[in-house]
């Protein structure tokens, strides 16, 4: 059985789906591993390291003969077309935005797993790549905020006067938001946060930050995710948040609702009301942006001197650890798909849809779009 | 020699203070062993039992006082032994410095 | 041996008893204290044979032998869990012995019978008998030879009050009439009262009652001392009476019970609400002192932090505890579950804030095999990550998640505020495990108490 | 008396020598303040803010009529030529590298104070701009290290495996180095540091980092600064540091010896021996670089995948607080030059060379180069 | 009044004394304890007039009046700093009184003179006289009416030994011969011995000696109790003797002195090396307990951290202390000097690590005006930043630097390891200020002790 | 009634224990007040002085015992007063909870 890892082709993607030091987990299972030459370069893993870890290095196409393909971004329809029938792909795969890839997988008879759909149950946490990548993004977001701000984060009392600590506001306290809180607090900022989920107040406090209580109903959906809100509530929320935003030096936004465009938390008017030199770090820029005017991968400076950093491929910026965590998620999911190999017997895959995780994350199987209409 | 009333009262009063003071701060893990140890101590009623037995003149007195001795002995010896067993957990202690 | 020397030796035995109680109040000296007490008792017993005329020596020695043969094996063989009832039994026989001594002395009294002596004698008989029968009932309850729940019957409180009145009345009768029959009536009524007194006491209050009866027995011994003109008995009895009273109060406080409620439960005759009423199944809940002692005598402790530690923001306090243990030579590690808390690495952020050295943090896979050699696993505000249901209950939301196998440790301590479950919302069987002790309260407050208690040891 | 603040003309310089909220300290002394229009824009201080604080805004030349000129970088000879005779300038001014400005000041009869020369005595700490700017640089250095590293700084134990903490090495534990240590530690890195001064071991430990003890003689010069070392000792030091450097993920270098080019702490060979993805943050790049190959203002990636960030105008990147601290230093020095004004009398300057600070920092006075030959 | 009732009241007074000592051992109850003691003494004194025949009533009342007129104003007017010598004086007169009582009793003895009674009488005379003359000498020393340094003369130890031998010899003579003259010889020799005993004791040891003489006086009272057959005096005297002995040991420990060295200094007759030898000028160094008490009774405390706090990495411990004080309702602030530490913002980094809320950190300019309302400024590992030389000594390296003006606080506590100066290398006069207390040791260790002590209060 | 020897010894022994126990843990700030309080307590020798004075027959006895009364009174009353003054610092205490 051959597990193949192609080079990521999306622009700016530095991660790799398998890092060298986890390959032994697969070979111990009896799997062969083939890596496209140079696939790990963005993540400090050169071909030699892979070779040393027991993988074979393939220049050019690794997909043709693969039984399993591991990647970070979804394979393109063209890539999928080259796969064997019955092959398995594991990657991020949006059933909303990447329809072509889904359809290609149906056509090719490929079993495509999407890490986005791994259910948020305790047992699946080790396969939850959304979480592991959000962790990287949250950490980066706080660093970016500190880096772009013309102010110190910590308080410092010096002979040349006292530096007051930066006020950091985190909107959306999910995995990324909590990590951003933690990182900003570590740097010494005074951090407050807001989220729509009721349980997040305790979570924010458990990070040592202040939770902003707004007099609004809370929104909790399935699996610990948020629900989308009505435009009326959104407007009310923006209004109530405005004073908190106005006094912040750095605002980090991470709000998301699965499968939807990101909620608009800050309008251009709110941003104009902010102090000069303020920084907005919008982690949701790729899905529409929490802040009006944010552009993924760009830093926009408004007329009033506010800078909006739009996140793009944020985990890639921490390529080493993001890849390392992602690899483990992928390998754990792959392991779940293998039958515990009986002594001597050939390793086989066992795609058992009774398992909640497999059922949840398998997008296509045997020519069927299992998530059609969802 | 008989003890005078005031002597008895003084001894009694002072003993109360000593009793209060010595156990005034005990961690709850020691409550049971301490109770058990105190219980064994009141087994010294054995001394009283021996005295009355040694002066017993009637069979009734003798048999009652023999019973008293048996009971007191159980109380005293059994009490110390069981206390010691309870305290076994404190045996292997490393010298907790300070 | 002169009276003076005899009394002096008696006093020395009394001093040994004082030292015994003093020693018993501290873990480090407790064993020695007990031995000093035994030494004192031994000296007092031996010396009595060398003072004055001893008749019936054979009978005496024989009786002592019989008592020893009964008492020692009982004490030796009893299981740890059954010790309390044995203590109750021993206390009861002590009370019985005091009552018998008083009766014999009374029979023997003759012209020495001043009013004071008679009053003390009757007191000894009454209290000794109450202690005897009461202790027997507590023994039966603890040994589960009868129901452990409060026994209440209609009109019970009137029966009890009437019995008490009868005891007092017949005692007065003895003092006035000086007869053997009245004394036996007193004895009988007192035995009955002892039973009635203890019957309405429910499960958790039983140890408190034992302690109280123990103090009572001490007082009877002191009274016998007066009658027998023995300084030793006065001192020993009073010591036990006084320390027993204090101890009873402390026990009631430590268990959060009202001493008054326990004592007069008999008269109010309503069933006590026992802790069983709150939770159906019993859990073992301890005090900060208990936790501290467990920790103090451990060689290896694993701290398991969870979301509750973060909520309580107790990271600095937990470090303080760990530092204290380390300074006592205890091997301390933190067992970090990969999903403890609500964010990946939540515990790391938290513990790093308290500057806990990275090398004390041990990953789940590494720490799990070491629980077998761990004396105490202290679980602070964590729940799901140690819940054995993940391994044993297919179908539950956490089934299949690897956990920290704290149940392999010799003792498990949970610091949490209530019996409520964690994130996954499922019950944790480990909370009901016999080797688990719960310390209820906010993690920070609890840890602060444990630190103080540990420092005081 | 007029205090003037020109716009900084050096490229990349975002700081301003006087921020609005300290102007009242000068006006209270009886001084007038003139700001060149736009001088504060890089530091979030627009003309309106200055006006509100009581300064007058001058478009174009402010120098002509000024009695005192405050700036961050030294004035150019051309600027100095326009000054009144007897005018005072306060700025950074290197008597080694900025000879032309010094000579121009001599020629113009200007009294030029250099903040670089303020002696390191306790009383002068509030005027010590080297320290306040080094503070900013040190903080930035750690942030840059975290930002460029493909690794997390903190340790994180997650469902997808454990992220081990980054190993950060700080070479040169002066003001900037200590602040870099503090910031890296706050982020959760494992930090060790080395310096040549004997007292630095305690200082490093007082920041919670590990001090690297090398068996080398220590070098302490005057005023708490280091002395220059012989090439032999430098080679020995490099050799002994090599293993520590090799296992680090981020190396921050801040070593400097006043008035000299920065000591070379890492050769190209040592850098090649480092792990791929390692980051070197060289704060000394502008004065020659502690790391071989560092270029100010650039990120050089070596063939072996090590990135060297060369610092340039680093405090400018924290323009708001750097300016604010600098302003206070300058105002404190200026205050020292004024005679405590007697009721009603006109404010006068009193350049009293008996004062150690004035004597130390005045480079030129009344047509004399006071530091000639130093 | 019957003997029994009289004795009973005496016993009650004894109980009051017990409660007095118990109360005096704890800050919260100390005042009440003292009042209970006074109550006991009052009762005991009043009741003696109602028991048995009292002759010379006028003289007695007159003498009491005279004593009161002398004692009360002395006690009222004395300055705080002179209290120790007053206690010494009071103790001395108490010893003298006991000796006088014994002498009179001896003159009166007649046929009641059993050997035991005579021995106790002589004991009282000897110890009472030693206590009297010894206390007078300590008084003179403390009042600086004579040198405070140990007085040693060649051959002194032989003189002392000889005097002691003479005291013992003449005592034996009294017991055997039963004469007034021998007793007066004993008294004279004892007075001489008391002087010789105390002369070689140097400055810091004087309070220890007072405490010891106090315990001695207690024993003489107990002995008088035996002679006068008074339970009260036995109990009171023994109590003082026992508690005084323990107290003496504790005082010696707290001051780091050897009790043995202090007591037998007289015999070894070499000058004790006093703390004065290490430093030329005296400093007031205290224990963690002292610091804790000062803090406990403060309303406002300002913590001044410095480089030493960072070196000791005591940031978590200082937070613990602050939290504890806040929980006791004390107003706590950190006064941050702009150049404390070795890096701008050093203290901020440090204190932020311990998660100390930013609003507790107060800048120098803001905190300085508040020192006047501050009860305690606790300077932890800082030195230069509070050194008044910056304001008072032109020419010193820190002259002109603004400082934290902790000397305006009612009390200043320094936590440092030694008398060594800080970064600037200059002496800090504030260390020698009378309102300064020094707690030597590593800041973290010291703070840990203070926290424990404060918790225990 | 005279106390028997054993009573005296018992009372003495128990008092020693009480004395030891009650002061066994005193913070050093209280050392001086405690010493002073104990010192005042031994001023009850005044009782003894009054007794001997009331039986004084000769002038010598009378004058000595009057001296004793004066000294004892100074010791007792002065002692309590000075102790109270020392304890003034503990007066203004806010109820340190616990």
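Order of writing sets the chain letters: A, B, C, D, E and F. Residues in each chain are counted from 1.
In the analysis below, contacts are C-beta pairs under 8 Å (C-beta built on N, C-alpha and C of every residue); 3 or more make two chains touch, one makes a residue touch a chain.
What you are looking at is a predicted structure, and each value in this text was computed from that prediction instead of being measured.
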{"item": "For chain C and chain F, chains touching each", "value": "B, E"}
{"item": "Chain of greatest Cα-centre distance to chain D", "value": "B"}
{"item": "Pair of chains joined by more contacts [C-beta pairs], A-E or B-C", "value": "B-C"}
{"item": "Type of chain C:chain E copy interface by residue overlap (half), same or different", "value": "same"}
{"item": "Centroid comparison with chain A (C-alpha atoms), farthest chain", "value": "F"}
{"item": "Chain C and chain E, separation of their C-alpha mean positions in angstrom", "value": "41"}
{"item": "Whole-Å gap between the CA centroids of chain A and chain B", "value": "72"}
{"item": "Geometric centre distance via CA averages, chain C-chain A, whole Å", "value": "56"}
{"item": "Centre-to-centre distance between chain D and chain B (centres being mean Cα positions), rounded to whole Å", "value": "79"}
{"item": "Residue numbers of chain C (touch at least two other chains)", "value": "3, 18, 231, 235, 313, 338-339, 344-345, 349, 352-353, 355"}
{"item": "Junction residues of chain F - those touching two or more other chains", "value": "1-3, 5-7, 10-11, 14-15, 17-18, 22"}
{"item": "Junction residues of chain A - those touching two or more other chains", "value": "125-126, 131-132, 135, 154, 156, 158-161, 163, 186, 188, 208"}
{"item": "Chains touching one another, given as label pairs in label order", "value": "A-C, A-D, A-E, B-C, B-E, B-F, C-D, C-E, C-F, D-E, E-F"}
{"item": "Sites on chain D touched by chain E in the complex", "value": "121-123, 125-126, 131-132, 135, 175, 178-179, 182, 186, 202-203, 205-208"}
{"item": "Contact set on chain C toward chain E in their complex", "value": "313, 316, 319-320, 353-355, 452, 455"}
{"item": "Chain E residues touching chain F - in the complex, by the definition given at the top", "value": "3, 13, 17-18, 20-22, 24-28, 30-31, 33-35, 37-38, 40-41, 44-45, 48-49, 52-57, 59-60, 62-64, 66-68, 70-72, 74-76, 78, 83-84, 86-87, 90-91, 93-94, 96-98, 100-101, 103-105, 107-108, 116, 207, 210-211, 214, 217-218, 220-222, 224-226, 228-244, 246-247, 250-251, 254, 286-287, 289-290, 292-294, 296-297, 299, 328-329, 453, 456-457"}
{"item": "Contact footprint of chain A on chain E as seen in their complex", "value": "336-339, 344-345, 347-349, 352, 355, 358, 361, 363"}
{"item": "Chain A partner contacts - residues on chain C that touch it in the complex", "value": "307, 310-311, 313, 338-339, 341-346, 349-350, 352-353, 384, 390, 397-401, 424"}
